[in-house]
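Some structures are shown below for you to check.
Heads up, the next two complexes both have chain A, just with different partners, chain B and then chain C.
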Partner chain A sequence: MSEMIRNAAGRMVPTHVNGEPVVPFQGVGKYQPQGRKAGPPIPTAADFPADGDKRVATLKEALVRAGLRDGMTVSTHHHFRDGDLVANQVFDAAAELGVRDLRWFPSAAFPCHRPILEHMKRGVVRWIEGSLNGPLGDYASKGQMNGVAVLRSHGGRWQAIQDGEVHVDIAVIAAPTADAFGNATGDRGPSACGSLNFALADSQYADKVIVVTDNLVPFPCTPWQIQGNNVDAVVVMDQVGVPAKIISGTTQITKSPDRLLIAELTARFIRATSLYRPGFSMQAGAGGTALATAIYLKEYMREDGVTAAFMRGGSTKYLVEMLEEGLIGAILDGQTFDLEGVRSMRENPRHVATSPFTSYNYHGKGNFASIVDFVVLGATEVDVDFNANVVTHSDGRMLHGIGGWQNCLTAKVTILPIPSMRDRIPVLVDEVTTLVGPGELIDVIVTERGVAINPRRQDLIDQATAAGMPVRSIQEIKAEVEALCGGKPAKPRLTDEVIGVVKWVDGTVIDTIYRVDTDK
Partner chain B sequence: MSEMIRNAAGRMVPTHVNGEPVVPFQGVGKYQPQGRKAGPPIPTAADFPADGDKRVATLKEALVRAGLRDGMTVSTHHHFRDGDLVANQVFDAAAELGVRDLRWFPSAAFPCHRPILEHMKRGVVRWIEGSLNGPLGDYASKGQMNGVAVLRSHGGRWQAIQDGEVHVDIAVIAAPTADAFGNATGDRGPSACGSLNFALADSQYADKVIVVTDNLVPFPCTPWQIQGNNVDAVVVMDQVGVPAKIISGTTQITKSPDRLLIAELTARFIRATSLYRPGFSMQAGAGGTALATAIYLKEYMREDGVTAAFMRGGSTKYLVEMLEEGLIGAILDGQTFDLEGVRSMRENPRHVATSPFTSYNYHGKGNFASIVDFVVLGATEVDVDFNANVVTHSDGRMLHGIGGWQNCLTAKVTILPIPSMRDRIPVLVDEVTTLVGPGELIDVIVTERGVAINPRRQDLIDQATAAGMPVRSIQEIKAEVEALCGGKPAKPRLTDEVIGVVKWVDGTVIDTIYRVDTDK
Partner chain C sequence: MTTARGSAGPRGPGVRSDCWISVELQERGGIELNVRSKVEVLYGASIRQQLLDGLRALEVEHARVEMEDAGALPYVIDARLETAVRRALPDLERELLPPLRIAPSATARDRFRRSRLYLPGNTPKLMVNAGLHGPDAVILDLEDAVAPAEKDAARCVVRNTLRVIDFLGAERMVRINQGERGLDDLNWIVPHGVQLVLIPKVESGAQVRAVASRVADLCATVRRQEPVWLMPIIESAMGALKALEIATAHPSVTSLAIGLEDYTADLGVQRTNQGSESFWMRSQVVNAARAAGVQPIDTVFSDVADEEGLRASVLEARSLGFEGKGCIHPRQIRVVHQALAPTADEVGKARKIVLAFEEAERQGLGVVSLGSKMIDPPVVKRALHTVQLAIATGTLTPTWREA
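Right after this comes the complex of A and B.
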């Protein structure tokens, strides 16, 4: 077991994770990286077919040709979300080949990947390094994974690959459309999912890259979100994703009166700030409250004659409508959440597929996230210092990935619209169970009981107060909620066994996740 | 002076160039690269302005901030061709700063860069590594450059940067349109030039990247041919290129009866082959004969109802017309040669900007060039073994860059339509002055006196003969030309002083260029 030390956020973190030394969090913007970006092996065209046809009959054969062997790291992407049909097949093939101790490095895992738990139990997969949602997170929370979960943001995953922290031996990229050379796109085909850019780093840095598609088109497949020049082999199969499940089920506008109130308050708050002006920019997620916020804001923008230069985010039909109506100049799309988003990306040059490199990578020469004026995000817990948690529940179980959440915190105004309680458990706490986002980057908490603004942002307090917003201190709202719920939430029952760490956007370790004590 | 050894093509080449060891040519497809691709230093967003505004007042200040100092390598691109206004300013600024011994690493140099000769004489620039056209080539041919010229193809330049053979300290990228974050595109703006992709490797691998523009637009500049996440600083100046000179002056269809005959024979030859079929592909340059070939072929395609899957090349209005008429499925554009090409790239998603990485890089997992059915290229000399020269004239002077010429030789059918003599000097010779392309890759020589087909390609000989083409042996045509010209051409008068080397597409040295003896 690793030694533990206290990091700059005051959290105890291990000095080693899965046998490798790690750097403790040193404060926002404080860690200075050294060295050069990783480089994949230099290939030669002499080793590839001159006619560009890289097709291999089966995924298993492609894995054999890629040199799959014990202990390797194999990556996949999550653009098919809960409809992915490829990742499980990768490990089924590995099992058939008798390969063991693999590290699975997905950009995110979903409930559909539950069969990989069986491969973990049998030793085919040693551990999963990536966002662990649902059953996989629950499994790891109970300490059943042979290895520590390393939770990274989308930008942090790019940074880890780029910086050589995580070396991907074989990347398997499921593509809705591809040619035999390996050029691939997600914006068309029967399994269209929009962008493929969560697999972009994998395609650029992995030793071997396999593209799997169910829609082979003649060369050239354009656009080439994934460039065939980085691809070793192409496998054609019947179906790579279940269309009905590819599109996120979360893109429903909330109907809860409390959440609609929170959304309205959020939109009113944005309207009350000086940054709300022609040419402003915003990122909102595809959760119900964020979507409702966008709908309210859209009305204000129409009324005020204010158009946005761009909006970022998971794209939905709501954003597409705003683009087509001329309310926003461009969509910078990190992930496509519905079919209207896919269509718009395919047809509209102002609907641009972005990647974690352009949007989020903290080890770049800047990134888009910090240019954004307003970002609207969620949280499972927020504490009185505005620190926030998105990965564990109040009972300590690790159930959510970070996504782009940490990366977005560098926006000029970071707003968390959240209910003050969930299932009568207060969401505002003395100290977050897991620190995922430092309070110094979180500006505003919007609840159904009022708007709490970080004391560091007197400018925002002044603007919101002047506009007649219900501005209250976070302590005041918290006390009110505790009175209603019968006190503070129960502390999660945790052991001292480390089952996961949370990386900050710069690759340092910001917090530790402990095994839930299921015996008590 | 370096030791000389005989390479696999039988040519004497130095073992060291400019103090660095080099690998002699080992045969087509024989050299196996080792190691990993180069990586630039890992940056951090903490060192860049959060609002994404990277503007710096002057180019000189940007160079100072980039740490310009003696002995560094500074790169520029040639998309503005003879209308470039930026490269000279880079070295003027360096001179003002008292910096010396720089290596200039352009993607190509043009006559407009003549002032850099003065900087070489004064020691600001030590040597130029890149295609040396016109006066710069002449200067080097006379042995006046403090360093050996290293001639690379466009794909070879990418390979050299990617493989770490050439480390670029500072890349200066002149952009027709950019935002303050450094996202840049060439397809719009008063100095629009189409693609910026000859600067793509520089943007990805250089330690520091400066974007210079005369058309600053609000973030986000889309498309981002150059990604701001790789850019350190943005400089705005009045004008980056002279629009009238940006567009190549070479895109005139030939009016010479001999060349029109050659073009017609070339088109007829293509039509006579089995590869000419629906979905075929072709690359033709923007020279007068190549353009005329495309015009003839267009008529055949209309007559035959044959459409092409794609065409590659420097794009011109002729290619754009074919795209818009539906005769070709896509233009894969390496360089944009006229305003119609620029417009089409901006407006038509089937007119795709490619890069030397996608098209040409031999140290990739294949590249587009070898997928192409027919490529139509030029040459200054061809010998009886079908070896060809494009960099030196028959008098030995180094006057031309390689461009994409070497990279294109891997097409399924490589055709050189060339006059059998120029200024009454035979173009067909016993042995090329400088070996740039090995004869085993060159299939067909089309002259006004007949079509010579490489004996290795009996398939093409059969197809052309069956179609009634005037197929003749290269020796026969050569003898006829020598009889007309009064014998073989005079041997160039060369010293044994090495003034340049020609790299093959894999980074090995295929031939040597010697100083012309100006005393005799």
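Right after this comes the complex of A and C.
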């Protein structure tokens, strides 16, 4: 077991993770990276067919040609979300080839990847490094995975690849449309899912890149999102994904009257600030409350004659409607959440596919996230210092990935609309179970019981108060909720067994996830 | 060995913020608890202690207790436990009262009652945040929204809700059952801070007086000072014909409400959206209420998704003279308030009249005049009401005189 040290956030973190040394969190913006970016080996066109036809008959054969062997790191991507059909096939093929101890490095795992649990139990996959949702999160929570889960943001995943923290041996990219040279796009074809840009880093930095498609078009596939010059092989199969499943439950507008109340308060808060002005910008993620916020805000924008320069997101039909109505100048799209979003990206030049590099990567020459005026996010817990948690529940179990959440915190105003309690679970706590976002970056908590504004933001307190918003201290709301719930909740009993670490956007370790005592 | 058993509360995968509790009385062996809770880590120990304390308060010494908890708040757990024990021991005298969090308070007889949000009496998860949506009143419903077999359970939930949940200034109303059961309902609510009682299907002044008399007895017993207002609901042909008798039956009557489902059934006609079949009755109730000096209050609009239909319905009710509407979903509250808000024109006129009235008072004049016109006292009263309504709706600031 690794030695533990206290990081700048006061959290105990391991000095080594899965045998590799790691840097403890040093404070927001404090860690200065050294050295040069990683890079794949230099290829030569002499090794590739001059006619550009890189087709290989099967995925298995492509993996063999890519040199798949024990202990390698293989990546796949989540642009089909719960409708991905490729990752499972990759590990089925690896199992047939008798390969073992692979590290799976997905941009995110979903319930559809449950079969990979079997591959883990049989030793084909040794551990997963990536967002763990659903059954895989449960498995890792119980400490059953060999190796420690490393939770990164979308931007952090790019940073880890680019900085050489994670070396991808083979990247397998599911592409709704591609040509035989490997140029690929997600915005068209029978399985169109939108942007493929979660796979962009892998296409640039992995040793070997395999594009898998169910819609082969004659060269050139334009416009492309993945450049064929980075691709080793192209495999054609019947179906790479189920686009209908990119619509998850989190992309439906909430019907709950309490959530609608929170969304309305959030939109009113935005309207009350001085940053709400012609040409403002915003990111509203998926999640019913964030979507409802956008709908309320749309009414205010119409009423006030205020249009936004751009909105970032998770695109949905609601954002597309605003774009088409002229309320927003452009959508900078990191992930497409429904089929209207896919259509708009294909047809509308002002609906632009962005990548974790442009939007989020902290080890770049700036990124879009900090340019955004308002970001609206969720959280499982927030503490009295405005620190927030998105990866564990109050009972200590690891249940969610980070997504772009950490990366978005650098917006000018970071707003978390969250219920103050979920059934009998208080959401406002003394200290978060797991620290994922430092309180100095979180400005506003909007609950159904009032709006708590970080004391660091007197400007926002003044603006909201002047507009008659129900501004209250976070302690006051928390006390009210605890009175209803029957006192402060007990803390989960955690073992000292480390089952995961949470990386900050710069690759340092911000917190540790321990196994819950009752699990296993 | 004879054992008695009782259980209460919902169970199963869809349940939220509620719990199921079963109590099997034993002759010996003490208390055996078997608790499965979704909040085991956070509140498991506290829940077990609460059950033990509750059983002791109810003087149950030996029992096997089983619980399936989906995050019920403590006052709900108390209600389910008491109901389960009561079902095992129907003659139970003791009550399991959660500590009083809401101090009893009085409401004004003529306060706004524009929106009244109905909350089914046996569904605690809807209650905790109801006040946040800003209704003028909440109605904890013991009558139609509660299945006949759950009437006892709902009484416990409603009583505990009155003691514990802050509705943030909304008037605390309960709709009791019809007849004798309704009179018994009063035992569960009058000592616990209810502010207004809705009496269903009223057809005579005597019915109102029976409720008022039971309320008076209970108030005397528990030394309650604050008034308990009454709102009879007219929902039959006979009730409509006796509307004036009902409105004037007792000084605690503040308002007359109507129910159209039962009324149209009584007439043997279909209830329609344009409502010509109930036009006479609604006008009769408005006239009776006005004659008696109480508020006429309209029924609910049941299509939650149809905001425009609701708005039209409120505007029509307003044009007939109604001052309030029932709401069955929080989303309806704002639409009701907006539709009942005075127009800018009405507010403008009312402001002038109020200012003229205040000026006349300052100068000690007995007559209020605006320009060359004399203003009658009822017009002044109406203008004051309009201004208050505009302030309550947010279209006029409380400091409008300075503007």
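Operating definition for what follows: the second predicted complex is superposed on the first by the 517 of 520 C-alpha atoms of A that agree within 3 Å, B and C clash if a C-alpha of one lies under 4 Å from a C-alpha of the other, contacts with A are read in each partner's own complex, and residues count from 1 in each chain.
Just so we're on the same page, contacts are C-beta pairs under 8 Å (C-beta built on N, C-alpha and C of every residue); 3 or more make two chains touch, one makes a residue touch a chain.
Fair warning: this is a prediction, and the values are worked out from it, not measured in the lab.
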item	value
A:F181 touches, of chain B and chain C: first, second, both or neither?	first
First (chain B), second (chain C), both or neither touched by A:G27	neither
Comparing the two partners chain B and chain C, which touches a greater set of residues in chain A	B
Partner chain(s) touched by A:D258 [first = chain B, second = chain C, both, neither]	second
Touching partner for A:E448 - first (chain B), second (chain C), both, neither	second
Chain A partner contacts - residues on chain C that touch it in the complex	16-17, 38-46, 50, 70-74, 101, 125, 128-129, 132-133, 164, 329-331
Complex contact set, residues of chain A against chain C	257-258, 260-261, 394-396, 422-425, 448-449, 483-487, 489-490, 492-493, 516, 518
Residue ranges of chain B in contact with chain A within the complex	29-46, 48-52, 54, 162-163, 181-182, 209, 218-220, 222-224, 227-232, 279, 309-310, 330, 332, 349-350, 352, 357-358, 361-368, 370-371, 410, 412, 506
